[in-house]
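Naming follows writing order (A, B, C, D, E and F), and every chain is counted from residue 1.
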């Protein structure tokens, strides 16, 4: 068996072992997600996070007095626009 | 007079070698691709610039005491820079789509066939006189098929540092060419009906799943493939920092300032490997050819795997998202979305394609670990 | 077949040692405390992750050429990372409350008794078979009582690097436990009337005072305790950058991006010292026990000092703020405020407690300098 | 005197020397604050900084023409809210 | 008792040498200039602080194992820090005004006479007993006339590291003094009518010009002066990142976080060279005197060159903007603007002065390259 | 020729060579700007960039419904003011 043939055999073995391993690894990961994560998700569901937004809304309400909704919408839009631009620049 | 002669002898004009001129043109080409064609500019721009700097005669950028020498040996030879980039990428990655539809991991796995088939192809090239790739060389070249820059640089710096420049150029160029390479293959391997398949909406993924996921991945890597833990570990650290919600300032720094600083240095350092003697040879041509092959095979494998899954499973998968399994995040997912929209203008595949897309990142890191373990 | 055997031999499963498994569990515990219990997450998260990485078999994170090896020797062995953190902390510290009420420096001084009593206690542990702490070890352990992470890491890296992991774990854990450790001690040592004491409003502190203060502290340290100048010097540099008002961009970087980057590395590097042989022994138990003692004694000393001051001075001090003298900024000050509100819902002690709180930072740095000068 | 006793003596000395030093050091710092800083504070009081806010107000007034106060309040609130979120993210 | 004696022997008071005390006062002076006088505070503040730290007896900041030792040898001895600063400065520089009015390059060239005349002057000082400047020393001193901090530090670290402290102090101090040094010279050399000259509005400069410009500058430097490519190359990299528009996150990091971090370290590292033996000698006085001469000659040359150009060309140039050719960006341009407004309140020269201003940066880098090539 | 004289000669040569070189270098740069850049500028003029602002305007219009111009002006001013402050802080 000459050198090149031997390299071919090694490369073939690598290919086989590699693909088997990759599939096995990611396959176990599927089991992990289905068996472990899903159960965790059921046992510890995300809390319905209303506290934070609510607090914000309250605060904003208090501060903004009697401002009409379109104005508020405009502000949010302006701020979120700036936020986008800013994050792009980063 | 003597002074003028010394001054002349210290000019670049008096010292240029042809190879350096050509490599500078290669550097300019990379800059052109980055700036005018928007080819992965974040890395190709510093890389092209580094290629120019390293080929300046007399200046000695990559000799002992030169700036690029320090950068290369401190950050790339040690593997630190690619690992930090990987941490930052981890901090930018959302595994939600993958967790919601874990089957897509098989698509990410299948696409890694691009890597291993290319390994075989690189060895096959040895049949042509002029090519003498060792198994290490072939492995480092094959990882181009992983479509993941830092992984390719990390592996090449360990297995075949002298090929690092060509491998990085190929990896990032083809990643930028994904929107051109993939669609014809995707269309050729799928029927119009397959491309029209609409997929079920993804379920909500809870916070705890996202927090535990990177730890689970790390644990499995520790169990089965410790050689991949530098890459997977730093990736998972970044992802954990993002998802845990208690270290937002670290997560933000990892995905902004730190990754930016390291990207500049990584690009310059990789560019410093683009010297004439390392790049201007037939092996580079082989690497560029093999890279294209790797991307194409990876794309095809992903699509075919999706079609196979549709045969054996009742829940249908649009085979276009299989192409996203090569990673090249998020470009490949966008390509899948775009090709899908051509057949069905109301079918948005982007979120579904993110599953195989990030699975491809994990798959490539695992493949890199296998190569390190078996060949390194 | 051979390939598969090599692959198996390169798995973690085939190479695990029991100690590594236990240390990974310790790492997971630190992650749990950081994420679920919010225990100093900025440091305990990377530290726990580092502990996992360093104990991965085969991977060699902390061996020559490994990522954590570079991080540890470049940043912690040299002392650079804790000093940069200290600079950032200095840039975040406001000495206004201390300057307005300098008497509180005595509270910060008294709380350092936690350090020196613990040093004595560590030596006393030598009476028990199995413990063999040298004076250097005992000093490094005692500094846990300073309730200041970077100071503890800096001193431990100089005096007892092999204990660094355990010391850092103890220091950060107890800092996170301050709201649990301190209140019972504070209530036990004070009467209801004492806890109700309202303190006079703090005077306005001018800009020039805040600018000159760090320079004065540095000058005194130079005169009397040069061994403490690395810590105190970098702290004062950060504080001067903040207060002088002419280098805001440097100050902002020091307290944001730079400290974030260094924190990630510091945590990983400290975690790399959490190897089985260094951590799984009876000395670690001793360190954890002594750490708790140190915090308790420090708290008690601060409170008792305040009571003593009330005996000899007419201007009354609420003894609860004495507990803030252990530093653990700003947690201990918040605890003092909270316990105070229980007795008198209109008595906000937070600003008054910031005085002893930052005084405790200075006191700990001075104590560290003394230990370095006399024992190092 | 055996080894342990000697260590005890050394530790005791350290404790004593250390606490004396810490108290002396921070005590001198008290004197420094009372004697030096306080005098500096009296000699160089903070300038009454009205220039900066005033400049801002002027500029804003010029730019915002005749907009009613609640609108301005809403804007300030929106911006400061975004600023808070942003600084948290950092 | 013994313990107390050791403690006393470890104090600064017991170990002070006169030179150290004086150098600390020099450090305090730098802090005062930075904070109270706003003299280039970004560099002079950390530099002054570094000067204090390095002169603390016993502490050993600049000895092997000390913080400043690491900073100096990792960042300044290698040239890395000044080059990174230069990259950041490049990313902040707008060459628009220069491209719109390229004639102003002659003004930037003329101002470099300050450098070469000072080189001659430094050699002339050797006639006075006590001075023994070599050609390398003289070159490093002369570059102060370039009015460019990082260039001066880079060149001094290569040609005369033992003079680095004094050169950096002189360079930054005189840069801060530009508003005081330049106006009298500018007024003395120009007539009221000349100062009133209004210049034509600058043409619009397109994006492609701004992108190609740094590459053209780099190419010319490669051809004619490779020794200047480290400085010019990193400057052009920063400028290209800014102008190309595709790597905004890298450009932003280079001109914010990265340059801030490096500035802190650069200042500390330069300050560490302000030791008594290196600074307290007659040569420092010579350097300070020569630096003032250099700035003055550079200013005068720029102004006279502008007057000469007005003689030979019909398109008139306000000679005041010639003074901006010494660089000291953007201070010198502002000074030109201000002096111009005194004569003609409607004549805003700022934009026109930016041309020679940035030309001066290029000119100084070229001059530094010449000195490196011929003397280094 | 003694040592000092020799140094003088060398310094003089350096001065001459240096100034000639600097002028030559920056002079060629002038030619480069006039001959190369100017032609590039004519051949590849800046596109009239209306697409970006327009897109923004459209988006904003869609989102902000019927809000009066002064309100929009106030928002822009507030955001740009914050942007300035923010960039100063950096």
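Everything that follows uses one rule, which is that contacts are C-beta pairs under 8 Å (C-beta built on N, C-alpha and C of every residue); 3 or more make two chains touch, one makes a residue touch a chain.
If you're wondering where the values come from, they're calculated on a predicted model, not measured in any experiment.
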Completion exercise
If chain centres are mean C-alpha positions, then the most distant from chain F is chain C
Problem - Interface residue overlap between copies chain B and chain E, same or different (over half shared) - result: different
Handout entry: Chain whose mean Cα position lies farthest from chain D
Key = B
Practice task
Between chain D and chain F, tell me the centre distance in angstrom, where each centre is the average of that chain's C-alpha atoms.
Solution key: 38
Completion exercise
For the pair chain C and chain F, the C-alpha centroid-to-centroid distance in angstrom is 47
Handout entry: Touching two or more other chains - residues of chain E
Key = 3, 7, 224-225, 249, 252, 256-257, 370, 374
Completion exercise
So chain F residues touching two or more other chains come to 14, 17, 21, 71, 75, 78-79, 82, 90
Completion exercise
Interface with chain E, chain B side, in the complex: residues 3, 6-7, 10-13, 15, 24, 28, 31, 34-35, 38, 41-42, 45-46, 49, 52-53, 56-59, 61, 65-67, 70, 256-257, 260-261, 263-264
Completion exercise
Contacts from chain D onto chain C in the complex sit at residues 4, 7-8, 10-12, 14-15, 17-19, 21-30, 32-34, 36-38, 40-41, 44-46, 90
Completion exercise
Per the touch rule above, chain B residues touching chain C in the complex are 78-80, 83, 211, 215, 218, 222-227, 229-230, 233-234, 237, 240-241, 244-247, 249-250, 252-254, 257-258, 370, 373-374
Problem - Sites on chain B touched by chain A in the complex - result: 98-99, 102-103, 105-106, 108-110, 112-113, 115-117, 119-120, 122-124, 126-127, 135, 138-139, 204-209, 212-213, 216-217, 220, 224-225, 256, 359, 362-363, 366-367, 370-371, 374-375
